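Think of it as A, B, C and D in the order they're written, each chain with its own count starting at 1.
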Amino acid sequence: MARNLIQAGVKLRVYNRTASKTAELVALGAAAATTPAETVTPGGIVITMLANDQAVEEVVRGPRGIGERLDNGGVHLSISTISPALARRLAELHHRSDAAYVAAPVFGRPAAAAARKLWICVSGPPAAKARVAPLLRILGQATYDLGDDAAAAHMMKLAGNFLIFSMIESLAEALALAEKSGLSRADVLNVLTQSLFNCPLYHTYGRLLTVQDYAKPGFRLALALKDLNLLRDTAEKSGTPMPVASLLHERMSSAVARGRGEWDLCAMALGAEEDAGLEPASKERAL
Amino acid sequence: MARNLIQAGVKLRVYNRTASKTAELVALGAAAATTPAETVTPGGIVITMLANDQAVEEVVRGPRGIGERLDNGGVHLSISTISPALARRLAELHHRSDAAYVAAPVFGRPAAAAARKLWICVSGPPAAKARVAPLLRILGQATYDLGDDAAAAHMMKLAGNFLIFSMIESLAEALALAEKSGLSRADVLNVLTQSLFNCPLYHTYGRLLTVQDYAKPGFRLALALKDLNLLRDTAEKSGTPMPVASLLHERMSSAVARGRGEWDLCAMALGAEEDAGLEPASKERAL
Amino acid sequence: MARNLIQAGVKLRVYNRTASKTAELVALGAAAATTPAETVTPGGIVITMLANDQAVEEVVRGPRGIGERLDNGGVHLSISTISPALARRLAELHHRSDAAYVAAPVFGRPAAAAARKLWICVSGPPAAKARVAPLLRILGQATYDLGDDAAAAHMMKLAGNFLIFSMIESLAEALALAEKSGLSRADVLNVLTQSLFNCPLYHTYGRLLTVQDYAKPGFRLALALKDLNLLRDTAEKSGTPMPVASLLHERMSSAVARGRGEWDLCAMALGAEEDAGLEPASKERAL
Amino acid sequence: MARNLIQAGVKLRVYNRTASKTAELVALGAAAATTPAETVTPGGIVITMLANDQAVEEVVRGPRGIGERLDNGGVHLSISTISPALARRLAELHHRSDAAYVAAPVFGRPAAAAARKLWICVSGPPAAKARVAPLLRILGQATYDLGDDAAAAHMMKLAGNFLIFSMIESLAEALALAEKSGLSRADVLNVLTQSLFNCPLYHTYGRLLTVQDYAKPGFRLALALKDLNLLRDTAEKSGTPMPVASLLHERMSSAVARGRGEWDLCAMALGAEEDAGLEPASKERAL
């Protein structure tokens, strides 16, 4: 995403806790910052893309954090998948400095990000959203406006990820049954993705579940479990029982407990396969 | 489907246990049969489209059933959603009379059937499949060949239905959470169906779950539960634990126990809504 | 149980499909029958203790079955764990010959049977129950009368077994958590069985889950799964969603799919242990 | 519990956020404190019995909290059901003041507390445990020592509560099935509590589920859900998937979402009853 911004002519000042990780971007023309605060131009736009709530909170509120410099007219464009609750707290924090928080989490695996094919959900103050719109057009193929509430786009992102995880589990169960009944995984996927389920997600994950190659992470399982836990916390606080979310939690936390946290999200499918007594072809490959 | 065949010039002899139900087809030019056996031309093709295993077994094996007349070169084109186990038994039965069983269950709600937009899965002996191919082209937009095993297409159908039910439950949970978090159902569906889940199924069911109008049955909930139970039986026999299928069973059997068996399949979404303490707008309408 | 009857002076004529299995009883004084029908004295009492519905149906209705000879005043004392539906069918069958069906399933593992400590649930016609009462007093420590309906005692038995399986799963999850939190299994069981859960079942199964020795079958896992499936069928037919029963089904059918069907019921606890990434001490022993 | 201590001759200085709640104890001879700190005698013993983690943290660490005065040789006897994680943090805090934390959560409903029949789990430094032992003997019928780790007794308490909740859900499902199958709830409970499940817990909760009177809280459902969530957090942190705990969460959070949080824990049984389409006799009474 940063590469796409630079190549579109956007001037970036970049920061990463591990300095070497910004080397590629600096080689492409970005300036290097040594603290989060240094990435902020007063009244400018600062983008965060981090792994979890803790990292975002640290980079905003910690010493030499973004919060120290972002002020009058500044915009914090927050792309990370974080909790709706944290988004609201940061929105209030920036509001007190006359700055704005724009939530802009994205859907799409790494290949989609590289190809500028991300789908972006935004929410926040209208003026700030208008100001970041040109940047979002560089990053993605479409932007969906979910209103003024800082939490809304993050809530949408968590719901979308939940539906992805749910689809993987259901597909894994269906394919385990098909395999035990003598059907080929490829045939089943072929029917599904040419008919009722002819959509990007089933094509992408269907292929991964057919070749059963789970070890190379496009979306790390441990990170996906983090997202699911954000959803479960939100569901708990709002009093929404979600039995499918609980079932996904069992699958994913078991996969992590068995040492598969650094594999791709799809490795959660091994649960259904192993429960059925199948010995997945890819398991050896994966290990 | 029968109407489409007649309008395409196919000569039909039609039978229904309740004679009045064939009146419309007779008016369109079909001949009326008074027993299942009468619908069979020796060496010809006979089509069954019935509610469940019991009905199909009765019509084939019962007195004056299809089995009595279907012989040398005849083809039984079986469109109903039935158990893979029954399909195998019927295939053997017909085989002993030198007739053939072709499984051809379809995906698509009533509107798709009327518009000849069904997706059809077939399996059975190659020659018999070739013979029925022209009929299937009249009924649907695409046919998927799943091999020689009579059970294969039915297995595929059960797996597809399972994925549909699973999608509805997951979407119902996500929408309940979204609603309790202040997002609109329409906004959430708009994002999903324009991005990751841009496929026929999410458009169709997404709309129904957004308007929350569950009373008018396109696919009766009690019939959907019957299909799910066929899947669960098959899973049990093959030793495939399917936790999502179990969860769906709880939802659907509870809906039937509460008197919603004649509503649309989507009424299973009321489970997630009620569990969250929501009072669905459509509930009154539905009752 | 047969041994206890003989030792109490009851004259037995015994039959088993595998003749060698009755050798011990014949040595103790029982007569050997070569067909089920031969075990029946007209107007007498015949006892069945078999693995499942199919076996009981075969022995009663099959050629040279009990049903051929049991007549006027005869009593069929049915100790097997079978479906309530089959019990009702057999009660009707015997009723037509002026004989009676008395359901008398038992609770207790093999050691309890040997020690005449079984708990027995009975249901059926009052006169027939009174007639078999002396036999039941030889076999068990207590008898519970559940009324006239042939199905009632079997329903009670299925419900009791369900509660046993549920207790094992819950205990397995609690012990997995305790172990991962640094508590010893023995300490946890000690608290439970000395306080709230000071009852036979927690003592028996608590000990097995503490030593984690699952390979020696007192109650075979595959047989327990059969009982659970009878419960699930009954629940399905009566429209009673039972989410815990579904969850138990996943655990037990997965254990069978992994080749543990001949182990003790307690081996279902390996599911919770493996899901948590624990390597149970007894696993090697068991294999 | 406080009443029992006073009546046994223990001098108490009592504090409650709502002063009127201590009036009864003061009438019995206790002194009234106006802040948590005032309840502490340097080097003495201070007991906390509060609803949740937040309340305990506030009373210990808040302004005029226990932590300000408890020092050299003092003991904090913590009876509340709190998270193992908080127990460890408080143990460290007290340790820095040369004071000790003794965990002593209890099992038993209000009637058991009044009758000095509680079961008490303790963990903490041996000398501090020895010092509080005489107090615990006044409160309960038995004490179980779970070692030195401040978290251990709380972990045990959460596991025990989980097993209680699990028993209620399983029993509720079994009774719903029995009722739909024509068995009486009282008959079923009679068999269970006289045989396999002849233990205090099944007697207590079995009676409540038989009369189906859920409105009068002995253990408030909302508080039970809080305990379950502490267990789930601990399970999540330790990587222990607990499917039964998830299922209980759905039941209990749904009951709270439907406005039953102030009813007795047993009201969670209404979930299984309503899912089966039963109209519980007590529902009207309860409302």
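Convention: a contact is a pair of C-beta atoms (placed from the backbone, for glycine too) under 8 Å apart; a residue touches a chain by one contact, two chains touch by 3 or more.
Since the model is a prediction, treat every value here as computed from it, not as a measurement.
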Shared interface partners, meaning chains that touch chain A and chain B: C, D
Of A-C and B-C, whichever chain pair has more C-beta contact pairs: B-C
Between chain B and chain C, centroid-to-centroid distance (C-alpha), Å: 39
Inter-centroid spacing, chain C versus chain A (mean Cα positions, whole Å): 51
Residues of chain C touching at least two other chains: 239-243, 247, 250, 254, 257, 275-277
Parts of chain B lying in touch with chain C, wherever the complex brings them together: 229, 236, 239-243, 246-247, 249-251, 253-254, 256-257
Complex interface listing, chain D residues touching chain B: 250, 254, 257-259, 274-277
List of chain D residues in touch with chain C within their complex: 84, 107, 119, 121, 142, 144, 146-147, 149, 151-152, 155-156, 159-160, 162-164, 166-167, 169-171, 173-174, 176-178, 180-183, 187-188, 190-192, 194-202, 231, 234-235, 238-245, 247, 250, 272, 275-277
